[in-house]
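Take a look at these structures.
Each of the next two complexes has chain A plus one more chain, namely chain B in the first and chain C in the second.
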Partner chain A sequence: MTIKSVDCQTVSKTFYDAVIVGSGVAGAIVAKQLSEQGKNVLILEAGTSRDLTLAGFQSYVETFYGAIAKHANSPYPLNLNALSPTDGLNSYFEEKGPMPLSGSYTRVTGGTTMHWQGTTLRMLPDDFKLRSKYGQGLDWPIEYTDLMPYYRKAEYEIGVSGNTKEQKELDIPFLPGYVFPMKELPPSYLDEQIREKIDGTTFDLDKETIKLKLSSFPQGRNSVPNPDYALYHGDVFVPSGVTSENPLEYGERCQGNASCVPICPVQAKYDARRTLGTIAFPDRVHLLSQAVASRVEIDPENGRVTAIHYKHYKDKNSPQYTIGTAKGRLFVLAANAIENAKLMLASELLSTSGLIGNNMMDHPFILTWALMPQVIGTMRGPLVTSGIGTFRKGKFRKQQSAFGIAIENSGWGWSGTGATDVLRDAVNRNRYGKDLRQELIDRISRQLLLAFMCELPADYSNRVTIDPQYKDRLGNYRPVIHFNISDYCKKTMADARKVSREIFKRLKAEDYTHYKNSDPAYFEYEGEGYWYRGGNHFSGTHVMGTSKHNSVVNKNLRSWDYENLYLVGSGSMPSIGTANTTLTIAALSFLASEQMLKDLNT
Partner chain B sequence: MDIDTPEFMEYFLDFSVAVTGFSRFDLQGTGQVSLYFSTIRGIIGDQIFGELLQTFHDLDRKAKRENNQSVLTDGISFEILVSGKLGPIARNIIKLWYTAIWYQLPSPWQEKFGARQNDITFIVSPYAYPEGLLWPAIGVNPPGAKAPGYGTWSEPPSVKLS
Partner chain C sequence: MKSDRLKLITTIEDLRYYLIQGMKIEHATIPPYLTALYSLKPGSNLEAFHMIRPIVVEEMLHLTLAANVFNAVGGNIEGVFTNPEFVPRYPTKLPTGEEEFLVNVGKFSKQAVKTFLNIERSKEVTQDEPLVGSRVKEEFLLSIFGYDPTKSFSSIRLFYAEVIRGLYALHKEMGDALFCGDPQKQISREYYYNGAGDIIKVTDFDSAIRALTLIQEQGEGSRTEAIYDAEKKLCHYYRFEQLELGQYYVVDKNEPLNSDKPHCPTGKTFTVDWDAVYPVKENAKLNDYPKGSELYTAAQDFQKAYSKFLEEIEDSFNGNPEKLVLAVGGMFRLRDLANSLIRNPIPGMDGVNGAPIYRLD
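Up next, the complex of A and B:
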């Protein structure tokens, strides 16, 4: 049984306990938590919802097969009524610089978890105290230990595969005896080649000696259930699989399709449809898709939110729409950091702190690439199975940002020279037949790419704003982006490059890294040029804090200025450390849901 | 020239074997032979496609008659791939086999031999994509299809440098 797809008429006649904007991981978890406690909720989704059926999902896979450029949103059909930003390929973001934010998110049912890679790292305890411990960015009003129980709920909901022992080595505390629901995914052949040469070597960063050590990436991807999870949970974890079919019958392990981004064809990777598809009382959850929230309505008398106005379109290929309103007691914006901020600004919501849209963060990535001396079987398996986490912590964070290193199993594609590019180049040089095949092995199957995910602390001037000049086809605002990278982060990017040189040297790999100065994200630091790639981890645009003067939401993600408005998602995060944001978004959604239920029950 | 005869389909397969480095068995196993043949024909027309296949076939026959493989390899290099007329088509056919993508012909070719209406960059069919030869050439599955199974990525690669 699935949640109930409704029309505008039903919505207009219903008064909901909660109206949720967005059906991504945050909105889906809130809907599940509230409905299971007897609440009736509505989810407004800007995008289409054909992926809720198996046939609809398969059509995404087919669209992906037929796409020439297999970018992050290639399975999801172009929708001019709710555009998905796609690494600068469309003009949804209005980038004002000085540096590009770039990146992408997906506006379909399930949100960006439809294309996410599935990495589920927890944040480190120090990440929550970036200001007080290292004098950078912002502190959280809560600590790691406050979030721990919610991390466990998130790991259950997502279905995390991983190894807690390895994570503990990074000083991440876990409940004694706790293990992830499933065992870590097997490391790739490439991982082992690197581990052999790198593990235990050191690198000096700002007078601190960091030991390099590979560890597996926890991820929201089905592997083998860990029997020890039963000691914590009571039962062994049962992975779920294909949404919209009986998930227990179709729960499948990762098959190594090697296309985690943008789509896992066997649905071994978690996406938010799985949460929507396992709601125990689906009748209590209404979904209105193709409804773009355009305004939050406020009662001027009592300062409470009374409705969400939306523009509903019948056909994504037509600009025709009707206007509707969704009414309820509680309102939850779960449309992601950029869309949440945009909607609040468009609604001219009051903000005592003046911080709506500010403090926007992301994880800029520095990429480095080389050819290994031997064939390593590039392009096999999940996109990442292991990385080096030992640069995620250290005293150096006073001077420069922390970073995590991912060993990409997928080769150089992200740097702009994918397998298809190598093929075209070889054929254009008139290579053919057996020689061509050998050249492809030589130039692709030895490819190694290291991705350095760098922390970028909150900075007031990095922001999303709106401007009446920049609207989309439905007349909704497009995000206007102001973004820059601080020297605190640039210093680390330069050091990341040095780390990569050292690693390549130890591997006897030929370094092919080259940063073209024509790249929009090109910059120079201490005489050397680099470029970065956006991390899609947009956050900070409605930070949580200790008072209405220093933040937009309180520690339960409730707006300081509107008592029946919750802002969930990474927009509420004051720092993001070196952890991909989805797991923490999910944890915070569980935390906020508890407070919402308290509000609704009083 | 009429290429709507079984011989030309045979020439096409022979040519494809020579330029892709894959066997007839492999190529036929993709299930795409006739789709590719008709796609190429539909874009560039019988005249030039036929000329390419005939040129190849003549070289092939000569090489076999003289029992000298270099007649064929030299011919592919110097009579086909460096030819302003046949080279771009031959390269496109290799790319088509490897990626299922037909790439728009370069503008010098269009200027000299005439632009073709259907000559745009496109994937010939969504289900041709997983049949691209690029993936078996490097010992992997096409990303998003024909998954090799859990844990296979830990095993040593199946391809080798010569």
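Up next, the complex of A and C:
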């Protein structure tokens, strides 16, 4: 049994304890937490919801297999009523520059976890104090230790595989005896080859000597349950797998299909449907899909939110829609940082701090690529098994941003010259049979790509706004984006390139990195040209803080200006360090749910 | 064959012998389930795919549990899985309640589902039947193993009931000396997992009983008139019955007694597409394929890989538990090899595709 799909009529006749906008990881966790304490909730989802059936998911897998361009949203059919931004491939974002934000998120049931990679790094304690310790960006109103118990809940909910010992070496504290629910994914052959040559070598960054050390990536992907988890949790973790409306009896382990982004064909990767599918009291959770929230209604008398207005479409291929309202006691916007901000701006909500939509952050990535001297089995395994985390911390953060390095198991694909391009090129040169096979081995199986994920601190002028001239087919606003990359971050991107040169040299790998100046994300720094790729980690658009003057929400993610409105998700994060945002979003969702329950029970 | 061996358990030797038979029984279900699973055309019959696959996984769980008990009581597993007779010759007979039936290795079909129901029903024991088969009334057969058909158990469940009885009697007699096996040979949960069922390390009487009870229950259920096992998961029999009825059962995990009653599912209905299946050769043998053809080679390759898989399993049960992960990983190769047979027609046989062969003769 899963949550109940309802129609507009049911919604209009029901008064909910909580109305949640968005069925991604944040909305799903809130729905689960509230319903398990007896609350009746509604989830409004802008996208379609066939995902919850076996056939629905399978059709996504097949759409992906059949797609010529394998991008983050290629499993999901184009939906003009609720467009998913896709690396500039559609005109959903109205980019005003000076630099492109690019990137993507997914507007279907399950949200962007329907295409996420599954990396579940915790933020470092220092990341929460970026302003006070390094004079950059913003501080959080809470500390790492406040979030620790919620990180553990998130790791349980998502089903994290990883190695706490390696994470502790990055100064991330864990409770004594705590391990992740499952053991780390085994490092790939490529990881081992790199570890051999790189581990223990050093690089000087801003007069600070950083030791290079590989560590496994914690990830929301089934591996082997860790028996020691029982010491902390009371029982060994039982991984869950395929989400279905009907009971299925197994959770599959990662098989290394290497299509993690966007879709794991065996559902070994967590996505938010898993949370929706394991809600203990599914009758208490209503889901209305194909309902795009368009306005938050306020009672001018008491300043409380009274309803969410939505536009419901029957057919994604038709612009026809009906308008409905969803009423309740509490309202939760969990529609992702950009959509949350957009919806609040469209509703002309009061903002004492004036910060709705501002401080927008992302993780720009610098990519570098090379050919290894030996065949290293590119395209096997999950996309990333190991990386170098030692640049995530350091005194250098006063001058330049921190970064994490991922060793990609999937070759050069992300750089724009992936396996398909190699194949096309070889076929165009009339290669066939054994020659073709050999050429592919030579040119693909030695591909190495390093991805440098850089911190970009909150900056007031990086923002999402709305403009009546930019609307989508249903008449909803499209996000207008103003985005730039600071020198603080550019300096690190340039240094990341230097680190890559050093690594390639030590590996005796042939450097093929080149940044075309025609690329929209091309920039120059100290005479050298680079481009970056968006990290899809949009955040900061409704930051949490210590007062209604410096932030949009309080430390429990409740709006300062509307006491029955919660803004859940990465939009509430004042900084994102060098951690992919999903795990922290999940942790914050648990934290906020506790406060919501308190509110609802008084 | 030693037709006198399936007497009731009186010595530790008897117990070990029984456990070897147990492993053979558990394994005998894998080729028919696996072949039916792989005969489904990709993307079709998702319900069937997602019902059969975990059952295969759980049959391997049972196999592993039986091996754990066997190792715990000091059995020597070397040569058990690698014995050519470990894989039955299909069609083969399996014991059932009242009458015998044949198990074929073939495509997914209504007939195959009937057979699967028979296989799982054969694990059944009704409440009014004595848990241990009467010494006089050892009527039915385990003829796949070459026994005297007058000296067998009427169901797999009764077979395990005798194992449990024997274990109990021997433990009373020998005490903990019964568990003289090397604990290093136990497969623990970290080497194996799936959503349902759990590996139990067997080191003493209690864990042995738990392991054997789990094997018993997963097939048919923890109690009569219930469709679920002790973990509140739908039993194999009823999972297969869903395919016959085209409807899901509903198990209420919070109020188990509110779950559906046997044979009366109330869940969602679905359509089984019996035609979206490759027409694979039933009970294929190597000489069904023209010598020198690609299918012949593929069949040989599959059989070799399957033997290797069994070898690796044996090795992992023999003190190298970490190798189980690799052996299971080897099943991807088995799947690919099986697909190359199943998706290609046999030359000269109109409309019949190849099928994997699990033993050479």
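Keep in mind that, in the parts below, the second predicted complex is superposed on the first by the 598 of 602 C-alpha atoms of A that agree within 3 Å, B and C clash if a C-alpha of one lies under 4 Å from a C-alpha of the other, contacts with A are read in each partner's own complex, and residues count from 1 in each chain.
What we mean here is this: a residue touches a chain if its C-beta (ideal position, glycine included) is under 8 Å from a C-beta of that chain, and two chains touch if they have at least 3 such contacts.
Given the structure is predicted, the values throughout are model-derived calculations rather than measurements.
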Will chain C clash with chain B on chain A after the two structures are superposed, or do they fit?
fit
Who does A:E62 touch here: chain B (first), chain C (second), both, or neither?
both
Report for A:V427: first if it touches chain B alone, second if chain C alone, otherwise both or neither.
first
Applying the touch criterion given at the start, work out whether A:P227 contacts chain B, chain C, both or neither, answering first, second, both or neither.
second
Applying the touch criterion given at the start, work out whether A:V266 contacts chain B, chain C, both or neither, answering first, second, both or neither.
first
Just to be sure I read the superposition right, which of the two partners does A:L54 touch: chain B = first, chain C = second, or both, or neither?
second
In the superposed arrangement, does A:R253 touch chain B (first), chain C (second), both or neither?
both
The superposition places the nearest Cα atoms of chain B and chain C at a distance, in Å, of 5
Shared chain A contacts, counted only where both chain B and chain C touch the same residue
62, 253, 255
Which of the residues in chain A come into contact with chain B in the complex?
61-68, 70, 186-189, 192, 223, 253-259, 263, 265-266, 374-382, 385, 409-410, 419-420, 423-424, 427-428, 430, 432-438, 440-442, 444-445
Chain C to chain A touching residues, read off their complex
43, 46-47, 50, 53-54, 57-58, 188-191, 193-196, 198, 233-234, 239, 248, 250-251, 254, 267-268, 325, 332
Please name which positions on chain B make contact with chain A in the complex.
18-21, 76-77, 81-82, 87, 90-91, 94-95, 98-99, 101, 103, 121-123, 125-127, 129-130, 134, 137-141, 143-145, 147-162
Using the touch rule from the top, collect the residues of chain A that touch chain C in their complex.
1, 54-55, 58, 62, 183, 224-227, 236, 238-242, 244-253, 255, 280
